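Each of the next two complexes has chain A plus one other chain: chain B in the first, chain C in the second.
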Partner chain A sequence: MELEFKNVCKSYRSKQALTDFSVILQEGVHALLGPNGAGKSTLMNILAGLLKQTSGGVTLDGADTDKMGAAFREILGFMPQELGFYKSFSAVETLEYYAALRDVKDSKKRIDELLTLVNLQEDKKRKVGGYSGGMKRRLGIALALLNDPKILILDEPTAGLDPKERMRFRNVISQVGFGRIVILATHIVSDVESISDDCLLLKEGRLIDKGSPDELCAKVEGKVWDIPMTEQQAESYLLTHSCANIIKREGGVFVHTVSDEKPDKNASHAKAGLEDVYMNYFGEVTENA
Partner chain B sequence: MKYEYKKLFSSKLMLIMLALTFAYMVYLPVREVWGGIEENRKTVDAYENIIAKAQADNKTYGELYEEINDIFANGEAKPIYSDNAVNDVGGIMFAADKLQYVTTGFEADRKELVKGMIYQNVTEQQKESPDKYLIRANEKAISQYNRRIELEFENTGINSSGYYSSFNYSMWEYVMIALCVMMTVRLFTLEYTTSAYRLVNTSKRTVQSLFFKKYLAVLSIAALVLLIQAVFEIAFGIYAYGAKNFSLPLQQIAEFEYCPYILSIAGFYVIKYFVRLICYTAVISVTALIAVLIKRPLIVNITAIIISAGGLAANMALFVAIDKSEKSRSALISVYDRLRIFLPQSLLNLREYLKGFDCFSLFGFPCSRIVFCIALAVIISAACAVLGYIQSGKIRRAA
Partner chain C sequence: MLRIFFTELKKLIRINRLPLVILLAVAVRAVLCILPSVHEHPYSDEVYKSCTAQLEGRLTAEKTEYLNSRLAEIDRLIAAYDEMQQRYTAGEVTLDEYSAYTERHGKAKAEESTVRYLCRKCKALDGCTDFDKQIFCDTAWSDLFEDNGFDCVMLIALLCIAVPAFDNEYSSGSFKQLLTSKRGKAQLAVSKLAAVWVTVLVLSCLMNAVRLGIFAYHNGLTYSDMPVGNILLTDGFGDTSLIGYYLKDTIIKSLIWAMYACLFSLIAVLFKNVAFAVLAGFIIGITPPMISSGAGGENAVYFISGLQLAKMYAASVELWLLAGIILLKGVLFSAAASKVWSKKA
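After this line comes the complex of A and B, so read on.
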């Protein structure tokens, strides 16, 4: 299975949201990384058929997804950033309703499995209107998986989830990620570092780099520094350098930063991670889980 | 469909609106006889006794009129049928008028009407440039009136003014229009107000494929409300006004003396509620189209209510104005008759279409106003529903 984006462009009046986005995706988990406004949601909405691209196209094994219509939606699972539910429906009713819309076979069994997977069994009969943000996200994940999709699109799936739920989500994606194309948009690097096969870095609507987490980390190897400082010094350093993190460990406080040149005479090389890649490309620190 | 009903009635406003519709439906007729429903029933029973006795004794209407004189003979009122001379006089007058109408009046009046039309055609044909439409219309009317209708000396019950004002063309129609509009807006904008359209439109079946399910859900509720009203109207007619025999010809009711159609009272009710449903279908269709175009509930509600209730208000205002006006009556009637061709809301007042030969000139040929208005309402409904369906597919792409 091969999903190809060919020179996809999207503009809203004067704003260019996506510019010449081209990539070929195969089975696996693909993380779409970028700050807010980078064009991640636009790209996902285009793939989901909710937005029409200004030019270019998307093909699945050579077939235009636009022309595939219902056949494409049949193999698609989508979790939008803004989840809209019918408040008066319970979780079970919501899943039953969408199972009917998606022609899911043996839906009762499937719904039961998914409710267990997302840990909503106990609250399955409660009205969705009374759910917390995290519970709604979990229901959204169950909905995206309902028709056992071949292409799974998750737009900011971990927003609003607590650390335990985040961990559960990572495990779910690891479990379901085989044999399908999973595209996961986020600006929380830690969510995807351990589960993604490759990362697509998107900035101002353009694909600026792509590769596996290891490949991307290798590109910033040698540019990552730890600078020992007092707590006060570290805080004032951060006021002038947005591209840095304070790390407290045994031996004191360190400022963790990415720089082409040695930023301080006391700085020492540190091991590069995906967060450093993010810092390097986007010039800002990612939101921590 | 069950999910569409759930979506519809998960809103408290919808439930309140539905309760209001039923409450108002009951309030109007009950108000007419409020506090006096038992008294009203007694009067109806008394009148029916007089009719039954007159039937048993084979009395003529002349003999019944004479009985009124008997009550007041020798300068003193002595009741015949009850202990109250006033009730007796009222009942005998009611029975005598009815008897006169069904035995001689109805047939004589219609013969006179046909004669007048034949004379008008002969006169018209003698002119240098005769009015062809008038001749055609008269010929059609003559063929319709030249049919024998057997009336019976019975109480139809429904020719009471209180009964008419409660179930015909009343303020309730506005409540019903508001209910139809609000239900339609709720169902057709819910996916957008909740943002659920993203999930629905990425499913195999999209918002577009739900269009007719939503449409049917609203229409079925409207039909159910109308059915309940029909049952209530008939039950109220039987209980409070003594209506019994619904197989009698519609012309049995003096108001429909010149109705050219062969129609029973039951048939009148069937057509009445059928055309009402057509009118509300048009309201639902127009609202659905506006809803898929605009998607914002408040704006759609206001727009659709202005369009739907505005048409009804114009219609009702003219109807009242005709009744009250003396000087410009014919001009107002002419405008009202035109509205009755084009406005689906006119169908809510079926009586006006059935009171006489009701045609207009369509390219010189007589065309029935009610048939044309029904056809137009159906075309409007179908066109709006199809356009709405197509448009709801386009929104999927542009959302």
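After this line comes the complex of A and C, so read on.
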């Protein structure tokens, strides 16, 4: 299965949201990384058929997804950034409703499996209106997986989740990620570092780099520095360098930063992670999990 | 398609609290039917009842002749009042003769309006040819038809059903999940509309059934098979019975309400706000019945179908044409609502 974006452009009046986005995706977990406004949601909405691109196209195994229509939607699972549920429906009723819309066969069994997967069995009969943000996200994932999609789109799936919920989410994605194309948009690097097969870096609507987490980390290897400082020095350093964060560990306080040149005579090389890649490309520190 | 229709219907029932809306609407309708209503008749109800009981059955020349002669006698008795008073004052008639006269005069006065109405009715029926002319006490049926005007309760219930059916998707933010499901936008919108149509049709029929049920409880359905022309005093209905007329009118009104449901759905998707959509829907819904008395020309009823909600249908109305136009309007409103709904997603 091969999903190809060919020179996809999207503009809203004077604003160019997406410019010449081209990439070929195969089965696996693909993380779309970029700051807010980078065009991640626009790209996902175009793939889901909710937005029409200004130019370019998306094909699945050579077939135009726009022309595929229902056949494409049948293999698509989508979890938008802003989840909307009917408050007076329970989780089961919500899933039953969407199962009918997606023509899911043997829906009872499938719903039961998904509720177990997202750990909502105990609350399945409670009204969704009373769910916490994390429970709603989990229900959103179950909903996206309802039709056992070959292409799964998750737009900021971990927004507003606590660390425990995030961990649970990562486990779920790891479980369901095989044999399908999972596209996961986020600006929280730690959510995808361990589960993504490759990362697409989007900035101001353009694809600026692509590769597996290891490949991307290799690109910033040698540019990542730890500078030992006092706490006060570190705080004043951060005021002038947005591309850095403070790390407290045994041996004192360090400023962790990415720089082409040695930023300080006391600086020493540090191991590069996906967060450093993010810092290198986007010039800012990612939100921490 | 049926699965998605039933799912939408279930959603309508659960989310819009449909059973509560229907129950409330029916309860209010029932209370309004039970409350006494005032009807002005061109005759005395009691006298009409006894006269029609006396003359009940097929209208014959003898019955017409009897009524005409009775009216002539009543006119004579009333006209003689001044003269009799003068003769009594002048001592030309005895007290017994005068008392007997005043008694007959009083009876004549009491019967005058009723007998005059019956004579007019017989004359009007005389000119009719396409139904079996009968004399019977039709007051209750006549009142039922008169009461079957614009139903504000139905309008409010309809707004409570149709508007949230579409606006819920905006307020709940469930659009994206809906539109990325296998069913296309058009199928989704049609299933929503179909669920609303069916609900409204059922509710409208239910409301009219409640009205008829309470009527039957109070008055019975004794004359229900009489041709309606006997009450409306016109040709054009053929042998349509009183109950048949009521049922046909119920179907026409229900179709109009269903068409209104499509219009209100369109308003809902245009406004994307329940409160504004309900207000606009109420104004649009109530306007045709309010102007119905002033709407000139028989053809107005085809263009402004809502006029038909204010009264029972007239003999001049071509039912098939009216039903066709209502369905066409419903389809147009539905198509527009569906288009706007999916576009605004």
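Keep in mind that, in the parts below, the second predicted complex is superposed on the first by the 289 of 289 C-alpha atoms of A that agree within 3 Å, B and C clash if a C-alpha of one lies under 4 Å from a C-alpha of the other, contacts with A are read in each partner's own complex, and residues count from 1 in each chain.
In the analysis below, a contact is a pair of C-beta atoms (placed from the backbone, for glycine too) under 8 Å apart; a residue touches a chain by one contact, two chains touch by 3 or more.
Predicted model only: the values in this text are computed from it and were never measured.
Overlaying the two complexes via chain A brings chain B and chain C into a clash. Look at A:Phe78: by the touch rule set out above, it reaches both chain B and chain C.
Touch criterion not met for A:Glu221: it reaches neither chain B nor chain C. Of the two partner chains placed by the overlay, only chain B lies in contact with A:Lys52; chain C stays clear of it. Looking at the shared chain after the overlay, A:Glu231 reaches neither chain B nor chain C.
Of the two partner chains, neither chain B nor chain C is touched by A:Glu2.
Once both structures are placed on chain A, chain A residues 48-50, 70, 73-74, 76, 78, 80, 82-89, 93, 97-98, 100-103, 143, 147 are touched by chain B and, in the other complex, by chain C. Contact residues of chain A toward chain B in the complex are 48-52, 70, 73-74, 76, 78, 80, 82-89, 93, 97-98, 100-103, 143, 147.
Those residues of chain A lying in contact with chain C across their complex are 45, 48-50, 69-70, 73-74, 76, 78, 80, 82-89, 93, 96-98, 100-103, 143, 147. Listed in rising order, the residues of chain C touching chain A in the complex are 3-4, 6-7, 10-11, 14-15, 168-169, 172-184, 188, 345. Put simply, chain B touches chain A in their complex at residues 3, 6-7, 10, 190-191, 194-206, 396-399.
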